[in-house]
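Input: structures, listed below.
You will see chain A twice below: alongside chain B first, and alongside chain C after that.
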Partner chain A sequence: MARAAVPGRLNRGASWRVAQLVESREETGTARTLVLEVPDWPGHTPGQHVDVRLTAPDGYRAERSYSIASAAAGNRIELTVQRVPDGEVSPYLIDVFSVGDPVEIRGPVGGWFVWRSADPAPVLLVAGGSGIVPLMAMVRARRAAGSRVPFRLIYSVRTPRDAYFADELRQRARDDGGLDVSYVYTRETPDGWPSAAHRIGVADVNSHGWPAELEPTCFVCGPTGFVETVADILVALGHDSRRVKTERFGPTGG
Partner chain B sequence: MADQDYTDGNMLAGPMRELFAVDLTAATGRCANCGLTGPIAQMRVYQHAPGLVARCPGCEEVVMRLVRTPTSAWLDLRGAVFVQVPMPAESPASW
Partner chain C sequence: MGIVSPGFQGRPRSSQPSLPPGQYLTEDFPVLSAGPTPRVSLDNWEFVVTTEAGAEHRWSWSEMLALPNETPTVDIHCVTRWSKLQTNWKGVSLDTLLAEVETAADYALVHSYGGYTTNLPLEDLLDGQAWLVHQYEGGELPAEHGGPARLLVPHLYFWKSAKWVRGIQLMLTDEPGFWETAGYHDYGDPWREQRYQGD
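And then the complex of A and B:
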């Protein structure tokens, strides 16, 4: 079943290879982080994703994209998957896929929604729900590179319990220097939070983002509707649409 | 919800890499209908049509369509005036 990957430079990322789940940990009540060992992994740029392919015993196949959450490090990559109720692939990856199991992946792919540590422009990251995943890879790569490029992250989640990587983000904001993290809660806020639960709006992006005059690179990722709202706000606030990079994960659920 | 039932050109990265040796998401395309020019990554991609259908974010016309059969791939580019692919002398780890 396992076809050997051909790691020639020209078709890097083009062919399917077999990865193995070596560790899995709960991220939130509805999301898991999967650590995959991928032989001959060529490395990746933060923001890139892989395609995951599942094959049923009858030959039926399903393919989905998952962003890489980790900074490049050897032959291991981390994916963080949110359970979409009634979904075909995500419940399998969360509930059934176990340590030691193989899975086919293709990648890394995607050369546009990526942050390169050599780029000196300030960065604004805006995440909705699981849209934090590729942006977290950027935060982690920034640290790994020892970069001083100023980053601001605005993270929209339903409740405090739905935030991925919350402990690590707290620690990075404290230790990394030049990384600011702010949250928007859409359904339930922490105790004593200064504002009521609400969907992200102009005021949030204006007060926690960068002024357009600084010409930041903006990365916006999450459900389709969220991404569209935030991209419109950024352009309305004067950001050049060419500096607003977006990635849509699909329908706005629930 | 149905009116947001699409992702974007970023998801074409893997399927396009099966066809081409370069990353197409960072390429620039021009819509034949309205003339909008922008990165392939920012097109609207509908996956529930036969194959993958990429529509212009400006006018919603179909720019590209990719249909995969067991023996071939059909890439229909009739909605694009051109696709311009960045070709730096060297692009380490960018694929």
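And then the complex of A and C:
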């Protein structure tokens, strides 16, 4: 289109590039982090995603979007991919895709669900399951920028074994200053945990989030039902819906 | 162009119907929105068409329901790559709503409860291509899918089918809406794969 570029638009993401897998590590029993080397990567803002394209020998293609987990750093990006049962793309990326293999990617994409380190507003991150990925990019970018913007993260997972980035989050909460991390377990809690397993509710968001008067920017990411619940709670607690940004994972990702 | 992905076969696909490029089929109905789901009461609901001259045409919920309703069955295509075939809707054709509206506008900016906007050429709303729908698969349209009423413009990517729609502003010049300002394509033809600016 002929329209001039404006800040926040990302025209440069339009072309496909061939990236190479340089490292792969297990995150949980069902998720893997892929470290990709991307020639001439233009950088990204935390919260953005890339499109990944796979091509079969007969020319068939499958494309999916994955959130970027890493803060911007040179020509490398990290994607943390959750296995979707019966999926077409995620089982390939987790089981078959190997160090040294090429893959086509396009991006970064997205100019709404992003955190910019120059924004001084406090931040509330609320993640359900694999919805932690773009929020982790924000936590990492905050550290990379040396930002002191106060962050609170509420992370809902089924069991302690399902938590992504658990060691790193513990370390960041200890070392970064101004980052609070709290967990909600929906099926099984760690030993000695003070509350029973439950789905996230008003009390969790109220106790571990920010009061609405502080006008935080809220990022909520996870499965549809989770995001609907949390976004409704935030609005009920008085948060301006324009400061509640959501990203939903349908059951058909994959 | 493109490189072959070592070891990738893809799904068996002999029975796959024809889909726009880059799309895959889904049976369920994913929800995608930028923020919390607005809750709009039918008592307060209205649909307003505003012309470039400032003339307003308003319909209350009961006035909208009293118009001739149609029941389109259409395929829908989301820019996030899912496509859903043969979806059934009920609502009022935009041809009906715009029949008495005098305008020289070429563009429409659609406004939603909650502040969302999206732009499209006015001609894409006419000639049986677009509806204001309030039922999905025989039941009232759920709020997370845009209820009480949303736009349905199935020949464009589904973000153009604005949820929680409250009105259409007719304009002589084009103006990008919410996702278009955030990097998505101005037009959004799934068959030409117009996902992002520059496609």
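One rule holds in what follows: the second predicted complex is superposed on the first by the 240 of 254 C-alpha atoms of A that agree within 3 Å, B and C clash if a C-alpha of one lies under 4 Å from a C-alpha of the other, contacts with A are read in each partner's own complex, and residues count from 1 in each chain.
Just so it is clear, contacts are C-beta pairs under 8 Å (C-beta built on N, C-alpha and C of every residue); 3 or more make two chains touch, one makes a residue touch a chain.
All values reported here derive from a predicted model rather than from experimental measurement.
Novice: After the overlay on chain A, what do you see for chain B versus chain C, clash or fit?
Specialist: clash
Novice: According to the stated criteria, A:G111 is in contact with first (chain B), second (chain C), both, or neither; which is it?
Specialist: Once the two structures are laid over each other on A, A:G111 reaches both partners.
Novice: Using the superposition on chain A described above, determine whether A:A196 touches chain B (first), chain C (second), both, or neither.
Specialist: In the superposition, A:A196 contacts neither chain B nor chain C.
Novice: Applying the document's definition of touching, compare chain B and chain C: which contacts more of chain A?
Specialist: Per-residue touch count on chain A favours C.
Novice: With the two complexes superposed on chain A, say which partner A:V18 touches: chain B (first), chain C (second), both, or neither.
Specialist: Second partner only.
Novice: So in the superposed three-chain picture, is A:P102 touching just chain B, just chain C, both, or none of them (first/second/both/neither)?
Specialist: In the superposed model, A:P102 contacts chain C only, not chain B.
Novice: Of the partners chain B and chain C, which touch A:T45 in the superposed model: first, second, both, neither?
Specialist: Only chain B is touched by A:T45; chain C is not.
Novice: Of the partners chain B and chain C, which touch A:T246 in the superposed model: first, second, both, neither?
Specialist: both
Novice: Let me test your reading of the model: by the given contact rule, A:P57 touches which partner, first (chain B), second (chain C), both or neither?
Specialist: Only chain C is touched by A:P57; chain B is not.
Novice: Out of 58-66, 94-102 or 112-120, where does chain C collide with chain B after the chain A superposition?
Specialist: Clashing stretch: 112-120.
Novice: Identify the residues of chain A that lie in both the chain B contact region and the chain C contact region.
Specialist: In the superposed arrangement, which is not itself an observed complex, chain A uses residues 10-11, 13-14, 63, 65, 109-113, 224, 228, 245-246, 248, 250-252 for both chain B and chain C.
Novice: Of all residues in chain A, which touch chain C in the complex?
Specialist: Those in contact with chain C are residues 1, 3, 5-6, 8-11, 13-14, 16, 18, 53-57, 60-65, 88, 92, 96-98, 101-104, 109-113, 224, 228, 231-232, 234-235, 241-242, 244-246, 248, 250-252.
Novice: Provide the residue numbers of chain B that touch chain A in the complex, in ascending order.
Specialist: Touch residues, chain B against chain A: 1, 4-11, 13-15, 17-18, 21, 23, 25-26, 39-42, 91, 93-95.
Novice: Taking the touch rule as given, give the residues of chain A at its contact with chain B in the complex, in rising order.
Specialist: For chain A paired with chain B, touching residues are 10-14, 42-45, 48-51, 63, 65, 72, 106-114, 223-225, 228, 245-252.
Novice: Once bound in the complex, which stretches of chain C touch chain A?
Specialist: The touching residues are 1-11, 13, 21-22, 24, 26, 28, 30-38, 80-82, 114-115, 144, 176, 178-179, 181-183, 185-187, 196-199.
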